[in-house]
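Presented sequentially are two complexes of subunit A, the first with subunit B as partner and the second with subunit C.
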Partner chain A sequence: MTGTARLKLLVLPAALFVLAVYAWPTLGLFRNAFNETGPTGAMIEAWSLKTSQEVFSDGFTFELTLNSLWLSLSATLIALMLSYPVALFLFRTTSRFRGLLAVIAIMPMLISGVVRVFGWLAILGDRGLVNTLAQSLGLISTPIKLVFNWTGVTIGLAESIMPYMILALLAGFGQLDRTLEEASRSLGASPARTFWRVTLPLSLPALALAAGLGFVLSMSAYITPKLLGGGRVFVLATEIFEQATTNTNWPVASVLAIYTLLLLLLLLVASNIAAKGLQR
Partner chain B sequence: MSYLELSGLQKRYRDSVAVDDVSLSVEQGEAVALLGPSGCGKTTTLRMLAGLVDPDRGAILLDDTEITRLPAHRRNMGYVFQSYALFPHLTVARNVGFGLEERGIAKAEIARQVTEALALVRLAGLDGRRPRELSGGQQQRVALARALVIRPAVLLLDESLSNLDAKLRDTMRHEIRSIQRSLGITTLFVTHDQVEALTMCDRIAVMDRGRIAQIGSPEDIYERPATRFVAEFVGRANALPATRDAEGRAVLWGQALPVKAPARGAFDLFVRPQRMRIVPVSEPVADGMARVTGRVLRSVFVGDHVEVLFEGAGGQLTIETQSGTAALPEGTEVAVIWQARDTLPFARETP
Partner chain C sequence: MPTRRLVIQAGLASIAAPAIVRAQGLSGSITLMSYSGIFQDNYTKTVIEPFQQAFPGIKVNFAPGGTSAQMVGSVRAQKADPQIDVAIMDVTTSSIGNSEGLFEKLTPAEFPVLNELLPEARAAGGEYGPAVTFDHLVLVYDTQNLKPPLATLADLWRPDLKGQLAISAPPNIQGLALTAMVEKMTGGDYRKSIDNAIKKLRELAPSVNTFEPNPDGYSLILNGVVKVATGWNARSQLYADQTGGKIGALLPPEGSVFQINTINLTAGSKNRAAAAAFVNYALSQAAQKAFTERMFYAPTNAQAAIDPKAIARTAAAPDSRARMIGLDWNDVLKVRDQWNNRWRREVIAAAR
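Entry: the complex of A and B
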């Protein structure tokens, strides 16, 4: 056996695992997508496109898609703007607390999504921190609705994807060399101009990487839209869950799941191409 | 007042002093090397000049104007970084034109000056390339052109040749020196390579542990090192432990030499290997010559010279002789002679 062949063997356990817990169920999804739902709501084995036709002729699917895309886009952009300075600081700092600071930045990853949502309810609710504070300062007279609507979901989602985006940014900052900024300064560029002409352009690959990841995570997020949305926020992920569990309509859930998967695949490919283009 | 004045510059980091009381005057058009081992504070000094490091104490005056606290981007210093620091996302032309763009110069004028600068460093026609498509030597030239095109008040070169291979380094050394001379640009050159310092500069400041040990012309530094550190760091030298006799002469290996010994303390005699000559034992000693006898341990052919390891009564020393002369067989009894005035006594350092 050659060295490379032996090396490839190292991938085998992971490949088998993915095959068992991902590829096989996904195949099952594909199969279910061609089944039909009978008048009683029971699944009927079939090889037809009837379910797909139903799903895609329903205007609600289109609305869900727009909702998902818009929510993911806004959450990603907010998270990106908040993550970039943090990641830049962590990348740069020579503080001996750097390791600790990095752990703090990604700490939310260690907390269950459900717990974090309840944290947001305590902060953003009608009698939460923000509203109480704003009222006692006399800024508002009645509480502003910050949860159980799109605002709450966007805030919660942005927060939940930030740790991942910070990690992605740190991984993508390869070209960002302090000396380049010093060179820019020595050539007469002010700190602001240096950021604009050197730091930001060289961060673009990292920003693209982080944005891609944040977007995918937002698209597939379920807990945050479900709990912070209070039943008023409908996206693809919540609808798939409803169809699969409440309605036990597996064919429709399968069609929606595969549709979401393809949508994400398309976006990933596009963001990869964009990142490669920026790296040149 | 000189064109560039550094006075009493000091920089401390948490627990160490990087630069301690460095003062230096540089005339307009002069090329000065900051020479020293790594960690001696030479790069920190250069960075303070560029405004990339704030000095804790001291002042920098350029053309009678104090610039000690002026931000880097308003100093007009051309800095060539050790890693070249070319912008990877910009073409060669945009790299070179970067400083001109920041100065708000018209596009056509920038293009003209960039072309001129690239021609100066013999890179004409590479405008559209990206830095990573260039060889190390070409990147170095781009970095130089980028620093020169802004017509800097002072050109600062930080170990700029250390990433090049030996042959290219020779070429670049001469090229940079001739560009520096023809433009008459004041230059500060940080290096740990003595050949670079000796060949590229009008004066050398040898730095040791944050301080300037000696400032002088290359000849001064090499021929008349002021301290033991300079003698050891610049060029090669035999450091020979010696004693003194009743008449105050230095005694080496039991033989009194016509060399005055320091008044007190242990000391070593420093003699450059190429100042020593091997002669037959029978040759009489001329006036003003120092002489020790012993035998040849080993001869090593190094190309342009032969290194002879010699063993005398009290130790070993190395002699450099020109190649082409007949090699001496090992064990040959010989005498080693040198001019007494080529002997420099320095106090032994107590660790």
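Entry: the complex of A and C
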């Protein structure tokens, strides 16, 4: 056995694991997508496209797609604007606490999504921190609705994807050469001009990478829209869950899951192409 | 010389002998899947533990199954190799399991206790697993901070309740039940149309804080997030007791709807005899009495002699019974998607 063949063997356990826990259930998903649902909810074994036809002829699927895309776009843009300065600072700082600061920045990843969402409810709820403070300062007389609507979901989702985006930005800052910025400053450019003409363009591949990741994570996010949406925010992920676990409609859930999976693959490919284009 | 007591004891022993022999002959373990939390705690104490005392050879494992739809999903996924022997779940989902052949038909010959059940309890499952508990939709409210207290379903539209409502929207069955109740309140009949209900609920939508109470409406009231929520009677009664009356449960005078849990024997159960014994026991007078008195689900065994105080807190009380709307869940299942869509497009959309 050659060295390369032996090396390939090392991949075997991981490949088998992925086959067992991912590929096999996904095949089941494909199978269910061809089944039908009877009038009272019973699943009928079949090889038909009836369920797919029903799903894609329903205007609500289009609405769900737009909702998912819009939510992902807004959460990603907010998270990107907030993550970029943090990541840039972490990349640049020479502080001996750099490691500690990086850990603090990604700490939300260590907390369960459900706990984080309930934290947001305590902050943004009618009797939460923000409303109580604004009312005690006399800024508002009645609480502003910040949760159980799109606002709450967008805020919660942006926060939940920030740690991932900070990590992606740090990984993508490879081309950010300090000497180029120094050259710009020494040639008389102001700090702002240096940022716009040198730093930002050099950060674009990292920004594309982080945005791609944030967008994909937002598209598949379920906990935040479910718990902070108050039943008013309908996106693909919540609909898949609803169909599978409340309506017992596995065929519809499977069709929507495959559709979302394909949409995400498409977005990932597009984001990779964009990131590569920007690197050149 | 045998005393009279000895003769009586011997006589009783001979009558009970077949049952004891049968009970002793059964062994092994079975898995019961049903709701977690307070249902699991109370069902274990009032039904499972006494069953295990009566059948010392059988161990009942309680598998918390999430929602009813998740439970039928688990049984469906294990069709080829069932790991669950008995499942207690909502009739809307057990009927799906029945149509898919996941559960067994039960006969009075094998389950004589079926003859003791209320006709509607038998009818709920058809030839399959019958109703094991009856519950009904109530309006749960904050007794300390809601003045005047809630008295009718129409009170939901009170201006002082704006932003104070937690309403479970369809496809949650609470939302489906509420639709039928509001339709009746407005003089209609859900079997013909829900136009009136949707129009009325659309007016209510801006007052709704959340259409998806998490973890549930009772908690949101206790935490001061809302003052009124939709809920189930049994849980509401129990929470009312546990919180010293901080929450109240109203069976609206305009009417309410039964929620039915059925008990189902999984087809292909690996310990069928023990599972069948459990089903028999769960429907028996003793089990029904104990569980109703503990958790205020209305009994399905007509012969169970239940404490009148407990009965008064269930829908089995005569005045409550008179208010119930005759809703056939099989009818609602057929229009569930349609109702769900109307809620999304007409009711919830008005609340954005």
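Just so we're on the same page, the second predicted complex is superposed on the first by the 280 of 280 C-alpha atoms of A that agree within 3 Å, B and C clash if a C-alpha of one lies under 4 Å from a C-alpha of the other, contacts with A are read in each partner's own complex, and residues count from 1 in each chain.
Note that contacts are C-beta pairs under 8 Å (C-beta built on N, C-alpha and C of every residue); 3 or more make two chains touch, one makes a residue touch a chain.
Since the structure is predicted, the reported quantities are computational estimates derived from the model, not experimental observations.
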item	value
When subunit B and subunit C are modelled together on subunit A, clash or fit	fit
Partner chain(s) touched by A:A42 [first = subunit B, second = subunit C, both, neither]	second
If touched residues of subunit A are counted for subunit B and for subunit C, the larger one	C
Following superposition on chain A: angle at subunit A, subunit B versus subunit C, Cα, nearest 10°	150
First, second, both or neither for A:R232, with subunit B first and subunit C second	second
Touching partner for A:V198 - first (subunit B), second (subunit C), both, neither	first
Partner chain(s) touched by A:R185 [first = subunit B, second = subunit C, both, neither]	first
Subunit C versus subunit B - closest C-alpha approach in the superposed model, Å	46
Intersection of subunit A interface sets (partners subunit B, subunit C)	none
Residues of subunit A that touch subunit C when the two form their complex	38-43, 60, 125-127, 143, 148-150, 226-227, 229-232, 234, 242, 244-248, 250
Of subunit C, residues touching subunit A in the complex	66-67, 69-70, 72-73, 76, 92-93, 95-96, 99-100, 163, 169, 171-172, 209-212, 214, 224-225, 330, 333-334, 336-337, 341, 344, 348, 351-352
Of subunit A, residues touching subunit B in the complex	175, 177, 179-180, 182-191, 193-194, 197-198, 201-202
Subunit B residues touching subunit A - in the complex, by the definition given at the top	50-52, 71-79, 81, 83, 85-89, 98-99, 102-103, 146-147, 150
